[in-house]
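The following pair of complexes shares a single chain, chain A, combined with chain B in the former and chain C in the latter.
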Partner chain A sequence: MENVNPSSPLLSVRGLTVTYKGVTASDTVRAVDSIDYDVYPGQIMGIVGESGCGKSTQAYALIGLLGGAASVNKGSVKFDGHELLSMSRPELEDIRGARIGMIFQDPMSSLNPAMTVGDQLIEPLMRHKGFTRSDAADAAVQMLTRVGIADASRCMRRYPHELSGGMLQRAMISMAVLCKPDLLIADEPTTALDVTAQAGILELLKELKEELGLAIIFITHNFGVVAEICTHVSVMYAGRIVEKGPAHDIFHSPAHQYTRAMLHAIPRIDSVKGARLEPVPGAPINPRHPPEGCSFHPRCPVCVDNCSKLRPEERVIDGSGHSVCCWNYNVKEVSENA
Partner chain B sequence: MPDDVLMEISGLKKYYRSLNDSGRKTMVHAVDDVSFSIMRGETFGLVGESGCGKSTLGRTVLFLTPPTDGRVTFDGVELSERNIRPLRSRMQLIFQNPAGSLDPSMRIKDILNEALTAAGKKLKGEARRDAVTEILESVGLTANDGERFPHQFSGGQQQRISIARALAVKPDFLVCDEPISSLDVSYQSQIINLLEDLQQERGLTYLFIAHDLAVVRHISTRIGVMYCGKLMELGDADTLCSNPAHPYTKALLSSVPIPDPDAGAGRRRVTLKGEPPSLISPPSGCRFRQRCLYAEEICARQEPVLRDVGGGQLCACHMAERAAITA
Partner chain C sequence: MLFANKKKAAGAAQLINRPLDDKPETALHRMLRSGSVMFGLITMAFILFLTIFSQKVTKWSYLDVISVLRKYEKPSWEHIFGLDEIGRDLFSRTTFAGRLTLSMSAASMLIAIVFGCSIGLVSGYFPGVVSSAVMRLMDVLSTIPSVLLTIMFAAALGPGVSCVTIAVGITMIPTLSRFVHTLTVEIRESEYVVAARALGLKSGQIIMKHILRNIAAPILVYVTSMAADCILICSMMGYMGLAAKVPTPEWGLMIHAGYGAIRHSWHACVFPSMMVLLMVLSLNFLGDGLRDVLKRGQEDR
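Moving on, here comes the complex of A and B:
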């Protein structure tokens, strides 16, 4: 942690908008639609939503990893006071890997299959920290041991295909935190893993957060995983953040109908069977033709007049930072059921 | 065999030929001596982590791949490669990835027609169209949807279509192999409810294979837990989940995240060290012993067999009683 003031946000995202250009103008998809959020040092911010809601796209946009047809239309991303969106490529390359680490969903396809794990670990240390090869190798072995790989020096000589998914994800985490970044972006890091391996990885990330004073942006579709690890949550639907706040508030007093529906739709391991599940009514929207007003209104049980006309602004619920984008969030009968 | 048993699996083994690290011919013990029965009308949930052999078991009981050893009896008839064909229409399979299991170049009505033809249903013209419409409506789709192609549907609707195809031949028994794990949360609960409704209406029996324990607990009557090709524990769904007997089941259950940040406080997490053993050369005795907190000398020497640990709950562990006291 260099020069980070804990009372100001480490990362501040304002009005970030990303579109994917189609063949014709009507094919253009606004994947991320004017989102705002802050991440403070020591926080784990969960970005949660279903596939296609823009949660990964917004993360790639933060650090300039969008490719192909996607581009940032507007917005600002301030990392430790510096505007990331206006940085040149070499400037960004100095930050990525050094001050912002990233882990991806599928470790097998995000590591280079033709390089040993060791070489891939050594590279960022030499590039960013000016380590010699042997110093970097020592640091890498140390970190692999730290993340729970039993025979670290043997692991260094292995190629990705020779390791299991859980081991590879541990190797990728050590790669992401080797340069002691301030911010770690984790995109569905446990989705490809079994539950027992997932539990180990979540535990490890929590420990590393404490040890290294990391802030983490944790992207997932799984509310269980969010509850397990995140201190704060932003719920995304159709490219927008519909609700955000401290994790406790999101789970115990969800304000947005989408958040409520998602929490009711999934069976819980600690509840006795019997009750019928309550699916979210309707189907996810077509991103090419998003509805007017609130994008959730066609599926919403408490939709009012305004909802189909005007986009709801963010409304602060209480002093803890809990806010919701909904015209009708304090409907009595629904909040009693929630 | 009692009347209410629909499928009885005994001593089932499925080995695949493979090569070991040094290129020698060897065997992968994907399913190794598994026995249990599935009752008529129940949902038998089979859980376990990737590579434990649960999908292989699902395919082997349907004789999509013949077993290496062991017997499968379906409704009183012992299955063999010779008598399986006429029984196919009574046993169907739903796959994990609906997009990959529907022919992209066929209209939905043709996909369903093909299933009807394969089952030997000799329907013509109007009757055939009616049959297809009826199937589509039973899974919440419309006759118009029959004219469309698979890619024009969402993942949830595609899964409805594969369920429709499986039901077209009026089976009694469905193997559902991870039917919801590729779907978004919005659709998962819709498909679970649909499967429950269809079971009610048609008296179906399910073998429900999944890695998501919360879903399996919700939908299953009884649950079997597999590890490394073996059945480790078997019991009533609620009993097994609230009072697991096998140390592996305990670890598995304690790893399932609960969507409530306060739930962690009261839970004791059992973290497993290491990796599951190789299916090529599984360890002697109990296959879980190298990762087990309670393992003793006997666990390496003698393979534990499924035994009643109270109330009909079966568990293959020498140390089950001790694990129950110290947990």
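Moving on, here comes the complex of A and C:
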């Protein structure tokens, strides 16, 4: 962490494209379609979008975890100046777990059911830092205590099925940050948990970010969670990032129609009693046959001619890094709404 | 039984994703309570005891001819299994013969386990052209009946105890590697293996620690049933005279020698056959029992 320059991006993604190959050429699905974003040290970047919009796929692609039919077609992923996509497998293995940690959606199934939590916790330390077994175990107990597990040494001897979901997610997080990574990728870490456990995990992630100087990529479909934790937000729709910027700007002056529709569809504590939520009209696109032009245009209330023909370019809204991909956007309208 | 690999695979496949029980003591307790596991273990232990201490429990040597004139003598208190075709004590020979048959089977099992598991694990974990090609080859080999395949390999390697052992081992590789491959492929895409990769663990570590551990239970069950096949095929090779040579005592060979006289002297053929039967039966009981015990361990959770 010490040697990372805070003014240059820790992770810089440019034109990343991932496709799932089908049996025939027409089955091929472009799950992630040339996305760009930067993550700076100390940021929590939220990546929000509905199911199947490619938010998890792009995260897996970053550190080469794609399996099966998925493959990265083009693009570049620079992590602290190193190009991750062109790295050999051993080089990438040295970075995964050591400098980039990852936590997953379902802690129950992301831990090996046949190994004790302790055995799994010490693995990355022994692998990356060359710790001996007992040193690694000491460090693991410390970290477990830090993430709020009361009886850490007993927890180490437990098997995953003997612990609760919240505890397991804490154990997963400590596993991911044990080697003091610079970047943590959190793939819907709170989706499988109840609201109380979720709040605890979010609080913990914020604390760890401060303590370890982590940058976090936080993938979720829950705008409430984003509001809670993220400093920056990228909104994904149909494999593309349609809007990105500081979290405050996204929430207070959403520029893209999809972002607005999403925000309208969330119940608010200050909304009038009995008022109905507005769902986003239409249905998610068929990824095999994405629409021409802007992929949101079939559902967009303010669609103009260009929208169905040309793909909108990214337009910068202001100096804070807020940008949007929309033909119909103009600065005035947003400021009126805000 | 010998060709029932499909059924066996289906049974053992129920254990996919089901690791060995967490607490060894409870798995052990369940085993002790399981009738078929205990029957299998006790029968097997009894035969192994007789085989190992064969020359200690009887005063007759397996090589000494008591009297050629008393050939095919019926069982009596003095010679409880009777005498064989040239008047040697059949109990002494039958129990001693287990040493060769069983060690041949054990050695061939070892060959099959080492190569079968490695091929299955590696080709399962690294999908690709090579892996597919190897698995198609294994598919082709497993369509050939195992006895035929063994004879083929034995013919290629030449007769003799060690060659037949290797041949039996090679014969067992295709079905086992196919089985391990299937289990591995299923575990490979599981979330905890992806998580282990995200921690930067090396492929070897992931295969040995994360995959093998989780498929150990079904492999154990499968291998137990496979051991029964091994013993059968080894005896069969002996029966055909491909393995041991007279006067070495070997179950298959002894069955063959007794078979010619079965009309007037049943015992010369029946007792060695009984040993093979009991051994195979005990292994099958053990395999079935283990499957139930390990499966139940999963359902309890």
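Methods note: the second predicted complex is superposed on the first by the 325 of 338 C-alpha atoms of A that agree within 3 Å, B and C clash if a C-alpha of one lies under 4 Å from a C-alpha of the other, contacts with A are read in each partner's own complex, and residues count from 1 in each chain.
FYI, a contact is a pair of C-beta atoms (placed from the backbone, for glycine too) under 8 Å apart; a residue touches a chain by one contact, two chains touch by 3 or more.
This one's a predicted model, so the numbers in the text were calculated from it and none came from an experiment.
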Combined model on chain A: chain C and chain B, fit or clash: fit
Residue contacts with chain A in the superposition, chain B compared against chain C: B
Partner chain in contact with A:Y159 - chain B first, chain C second, else both or neither: second
First (chain B), second (chain C), both or neither touched by A:T196: first
Three-chain overlay, vertex chain A: chain B-chain C angle, C-alpha, nearest 10 degrees: 80
Which of chain B and chain C A:V280 touches, first, second, both or neither: first
Chain B versus chain C as contact partner of A:A25, first or second or both or neither: neither
Which of chain B and chain C A:I63 touches, first, second, both or neither: second
Touching partner for A:L263 - first (chain B), second (chain C), both, neither: first
Minimum C-alpha separation between chain B and chain C after superposing on chain A, in Å: 9
Intersection of the chain A residues that touch chain B with those that touch chain C: none
Chain B residues touching chain A - in the complex, by the definition given at the top: 49-50, 154, 156, 184-190, 192-193, 196, 211, 213-215, 217-220, 237-238, 241-242, 251-264, 269, 271-272, 274-275
Complex contact set, residues of chain C against chain A: 19-20, 22, 188-192, 194-202, 205, 209-210, 213-214, 216, 301
Contacting residues of chain A [partner chain C, same complex]: 63, 65, 67-68, 93-98, 101-102, 104, 106, 109-115, 123-124, 127-128, 159, 161-162, 172, 175-176
Residue numbers on chain A that touch chain B, as the complex places them: 50-51, 150, 164, 166-167, 194-196, 198-200, 202-203, 221-228, 230, 247-248, 251-252, 262-263, 265-270, 272-273, 276-280, 283-284
